[in-house]
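Quick heads-up: structures coming right below.
Here come two complexes built around chain A, the first alongside chain B, the second alongside chain C.
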Partner chain A sequence: MIRGFLVRLGEGALTLLVIVSLSFFMQRLAPGGPFDHERELPPETRRALEAEWGLDRPLGEQFLGYLGGIFRLPPDLKRSMTRPDFGVTELIAPRLAVSLSLGLVVLLFSLVLGIGLGALAAARRNGFLDHAVMALALLGLALPNFVIGPLLKWVFAIELGWLPESRWVSPASMVLPVLATSALYVAIIARMVRSGLVAALGQDFVRAARARGFSERRVLLVHALPAALAPVIAWLGPAAAGLAVGSVVIERVFDIPGLGNTLIDAAFNRDYTMVMGAVIVYSAILIALNLLADLLLLRVDPRIGERR
Partner chain B sequence: MKVPGPVCRAAVVAVLVVLCACGFTGDVSRHGDRVLVMNNMAEPGHLDPGLVTAAEDQRIALALFEGLTVPDPQTLEPRPGVAESWEVSPDGRRYRFQLRATTWSDGVPLVAADFRHAWRRVLTPPSSDPRRQFADQRHYIASGSAELLYVIAGAQAWHQGRLDDFDQVGIRVLGDRLLEVELERPTPWFLELTSFPTFAPVPRAVVEGLGRDWTRIDHLVGNGPFRPVQRRLGDLLRVERNPRYWDRDAVGLDAIVYLSTDQIDTAIDQYLAGESDWVRSFNPKKVRAWRADPELSRQLNAPPFLATYFYRFNLRRPEFRDPRLRRALALAVDREAITRFVTGLGELPALGIVPPYVATDWGGAQPRGLAYDPARARALLAEAGFPGGRGLAPLTIAFNTDVKNRAIAEAIQEMWQRELGIEVRLENREKRVHVAREKDGDYLISRGSWIADFSDPVTFLDFLRAGRASNRTGWRNDDYERLLDQAADCLDRARRLELLRAAEEILCVEDPPILPIFHYNTAYLLRPGKFEGLHANPRNVHPPKFIRMRDR
Partner chain C sequence: MRSAGARFRRHRGALVGVLVLVLVTMAVLLGPALLDRPPERQDLALGPTAPSFAHPFGTDYEGRDLLARVLAGGRISLLVGLVATLVSLVIGVVWGAVAGFVGGRLDRLMMRIVDVLYGLPYMFFVIILMVWFGRSLVNVFIGLGAISWLTMARIVRAEVAGLAGRDFVLASRLAGVSPLGALLRHVLPNAAGPIIVYGTLTVPRVMIEESFLSFLGLGVQPPAASWGSLLAEGASLFREYPWLLFFPALLLSATLLALNFVGDGLRESFDPGEARR
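Here is the complex of A and B:
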């Protein structure tokens, strides 16, 4: 198992390196640079800026210099090109905290609600509750968050005035973004849990548990649920990825000072160092989450480890 | 559920930890009695006045720093700032400023040498040239606004490295409170320039002691009516009145909060929800609905702005060598239809590049030569060798991605196809790509805009002179150059404006490298009846020291 973990870790590091290299060169291929404005800079100023940021050196040299900066402890992500008063790390840290807290709350909320609803539907399968939950889930799947977000905002913030409409000033600011983001995840989890449970309930070990006289609730929650959760856990890693990416939209809608918003602006403004910083942080988180999901899966279902 | 148990617990702990660290700090924006909250529409880029170029940074710089003059909030006429008075020599080239006894926000006296140092700093980009290495080299900056200082004698030569001794630049410190500036040529708008952040003084000791960290809000020392007290990245910047400001009793607000929201819809929602008082400079999609609403139409302001929306023709392309084609295209554009049905802010259709309201004595006249006249356009097109558009390859209009730019391009596409039989294609490009392609000459027709630097027609004529980086059309007209040269040295104002009008006639009628479409209006939402000292003016500059709450 340790070996498996180390292999995955190595793979993760390699993936990160590939992502860093690709993003570095891809954004340089895009026409236009951080100092191209409708109003042209005086050539002396442009030269000085390019020298300051090393943009006058060959691309390969710039790349090696950048790599040298990030594979160092602590990593040096340079200053932001459009907000040069601040280091990229300094600009990213508070935004990352915002994005991650939003993502974590969404994940937790979706897990609790999704598993609960899924279990409920499975317990009452083909009953009214089952149909109601699955219909709701279908709605959650069908409605994209850029529709749900503005809709919630309009009803609860602007018309009713119950909740803050945007920005990030108190935990109440979190409610609408969390609801808007969670809809999809609750729906997916509920459907997965329901079908997992329905399948598990027909299995021998569940029949054995029933035969031993355990209550139906205990059979469902203690015996069948762990088996039904395996696919959910396998899905969690990539889902966290989706969450990170998905929250870009929600951050835009609710003007949350998160990482996604920052990445979009940086890309439009050709803030090379900021884009790289955000990409590195995003990828590191995604890779780490996938790694974590693999480990969890290994614990839940040891056969996976043996097969490796 | 044995296994995920500890994991769940860990997750809960992690969530709690992150929640504690995730930066809700409460809404401080309304803290205080006389506070103005405005949507500044972007995270501030630079607080260093020498580096300021963007409008959102200029607004903040005007609160934190003060130059020799301050613009009048209504007329934009220069009023005394750090300079309490000034004298101008009869040839209009020498200005002598008497500075008032005042201090920086840290109590250090502000002296004339602070101006010289600040201007030298802006004019001296860091350089690898050994002749340009100075002891205080690392405090110099690569400023995007350095060209504004070119009006000072020798400043351009120094900035471009053609002068070795800064004492030859026309900035002379004649005493702690006496500053003399010699200009390259008479510059009627010089006292307007001296109110710009680029011309503001900087506290030398602080800048040299802290390096680029000097603009951190806990270090920043300024001389303006306000000083920064709080900055939250991606959220807001709060400034409060500077107790050491010389005219502190005239300052009407306790604090100004600049929200960094850059999403227009979010900004409008914030305004509607009462979280902000003022949504600045935007391109409203909802204007029509607002105009219909009696309550909102009272809050929507759309005064004329000194800026022009136009298309560039790429004269390096063979089809545009002949001015007749360019003129035919201009004649076939119904600008009134565009401002009425597409832009919708009540903009003025542009037949020239200079907005007629640029100065009261400009006369409000526009060149009429290429006003909408489809019949003449068709005749001219035939003369140019393309009767009914035959023989002309499809024309491509390039614009940067934006709903309004697309709508305007579509309208013009339709007009040219209908009136001239010319096939037109549209190409939208991301903002930076658009600029880069335009600079490389990789376009045929390209959307552009020009915002006045100052309130004089010459700011709209100069940027298209031969050899200017912002020309980008490859156009050069010797008569145009000659007229502008004559105007630059002309001391008689009426004669000077006449020369400029003749130049505009060449630029927009005789041999046009551009097709002017409309003069911008700026649009903002302002809570009615709450503030005074805020006036609509064509440069959309609102010096914060004059803003006060209205008594109710």
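Here is the complex of A and C:
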């Protein structure tokens, strides 16, 4: 198992390397660059700028130079090309911290609420509560967060004035973005947990537990729930990665200084070094969390290891 | 033992979903011809007005009829959903089937390529496409098509790899059926359930992604509209003119709900284990 994990780790590192190379060449071969402004620069200024950043050297050499920086400890992500007074690392770190903390809160909130609602629906299957929960979940799936976001902002921040409208100032400013982001995740988790539980309840090991006289609640939560959580964990890897790097839409709606918009802004400004920094952070998180989800899955359901 | 079709017809939610989809499709296809107001005709003197008899959905900031715009936008949103889903079906099924059936080194290589595309931030991909080709609907199609097939390929690969070693497939090979024949005649038909179910669920996912892109100004460009770009406009102006958010949101959500209902119905029809409650 450890050997399998090491192989996966190596594959992940290789995947990251390919992604970094692809992004590097994709943005460098695309027309335009960081020094194309509305106002045309004088040719000599432009040449001086390009020489300063090493953009006049062959592309392959620049690429190797950049890779050399990444593999240093601590990695050197260079300075931002549009804000040369700052290093890419120091620009990204605080935004990553915001996205990570927001993502973690959303994840915990969605897991607790989603598993709770899903278990409730399964316990009362085909009853009123089941239908109510599943109808709510469908609504969560069908309403995009850029509809939920402005609506929440309107009701709670503007009409009622209970919570700050936007800006990242206090823990209270986290409430509305967390709610707007969680709706979809709660819905997905509740549906997966419900259908997993309903499937598990029909299986022999659950019937055996019932036959031994355990209470229905205990059978549901102790015996059936772990089996029902396997698909949730498999889904959690990519979902958590998406949360960790921040939702572009939610960041726009609530004025959150997170990581999502960093990449978009950098790509629009053609800030080569910022784009690379954001891509590396984004892809590394995605790959790492997927690996973690695979490992967790092995612990929950050892049969998966044999099938590989 | 009833067939999947019969089980689907018993699923009331799914039937309502199909009905809603048919109605929405007919409305966006035929509606603009029946309305005598082109969606891009401005009436600056009129400006934004609340829903009325002349303009059932109201008008927007430039005095354009919102009903006409919502219907025209629906065409683009549905088209994007369908085209990207078809792309995901064709590429994803072929890719996943080849990887899963051939196995070995080719399988590993093909799935690593999927991993790479999956790990590449696709917003960045879309922006680079825009730099190359300018802002156009084609970029939306390419960008969404490029990511939407990845999950399909993973699902099909897992299904096909599981089926490829089964006795009935080996038996057909021993009986002289070519590898391609065995894949097409014996393996893929047995993987049809997950493919159809996931394909149905791809449509709403892609439609939401399109509306994200349009919301961020990366997708459909004015004066053309999609439900996403109308929602973006509505979200920024809805305090003064709530109908600008309400009607596009209503149409998009109803369509997404209907698609999810149909997907659920299909899943339960193809996987009766789950339907048995």
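What we mean here is this: the second predicted complex is superposed on the first by the 301 of 308 C-alpha atoms of A that agree within 3 Å, B and C clash if a C-alpha of one lies under 4 Å from a C-alpha of the other, contacts with A are read in each partner's own complex, and residues count from 1 in each chain.
Throughout what follows, contacts are C-beta pairs under 8 Å (C-beta built on N, C-alpha and C of every residue); 3 or more make two chains touch, one makes a residue touch a chain.
Note that this is a predicted model, so its numbers are computed, not measured.
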Answer with first, second, both or neither: which of chain B and chain C does A:Val98 touch in the superposed model? first
Chain B versus chain C as contact partner of A:Glu11, first or second or both or neither: second
Touched partner set for A:Pro226, first chain B, second chain C, both or neither: first
Partner chain in contact with A:Thr89 - chain B first, chain C second, else both or neither: neither
Check the residue A:Val249 against both partner chains and state whether it touches chain B (first), chain C (second), both, or neither. second
What is the contact status of A:Asp36 with respect to chain B (first) and chain C (second): first, second, both, or neither? first
Who touches more of chain A, chain B or chain C? B
According to the stated criteria, A:Gln62 is in contact with first (chain B), second (chain C), both, or neither; which is it? neither
Is A:Ile19 touching the first partner chain B, the second partner chain C, both, or neither of them? second
Would you tell me the residues on chain A in contact with chain B in one complex that are also in contact with chain C in the other? 30-32, 158, 252-253, 268, 270
List the residues on chain B that touch chain A in their complex, please. 1-4, 7, 11-12, 14-15, 18-19, 21-27, 43, 45-48, 53, 125-128, 142-144, 146-147, 159-161, 212-213, 215-216, 232-235, 259-263, 266, 269-270, 272-273, 275, 430-437, 439, 448-449, 451, 469-470
Residues of chain C touching chain A in the complex: 112, 115-116, 118-121, 123-125, 127-128, 131-132, 204, 208, 211-212, 215-216, 231-232, 235, 238-239, 245, 249, 252-254, 256-257, 260-261, 273-274, 276-277
Can you list the chain A residues touching chain C in their complex? 11, 14-16, 18-19, 22-23, 26-27, 30-32, 125-126, 138-139, 141-144, 146-147, 149-150, 154, 158, 195, 198-199, 202, 245, 248-249, 252-253, 263-264, 267-268, 270, 275, 278-279, 282-283, 286-287
Hey, which residues of chain A end up touching chain B in the complex? 30-33, 36-49, 51-52, 82-86, 91, 94-95, 97-98, 100-102, 104-105, 107-108, 153, 157-158, 161, 164-171, 173, 221-222, 225-226, 229, 233, 252-255, 257, 261-262, 265, 268-270, 296, 299-300
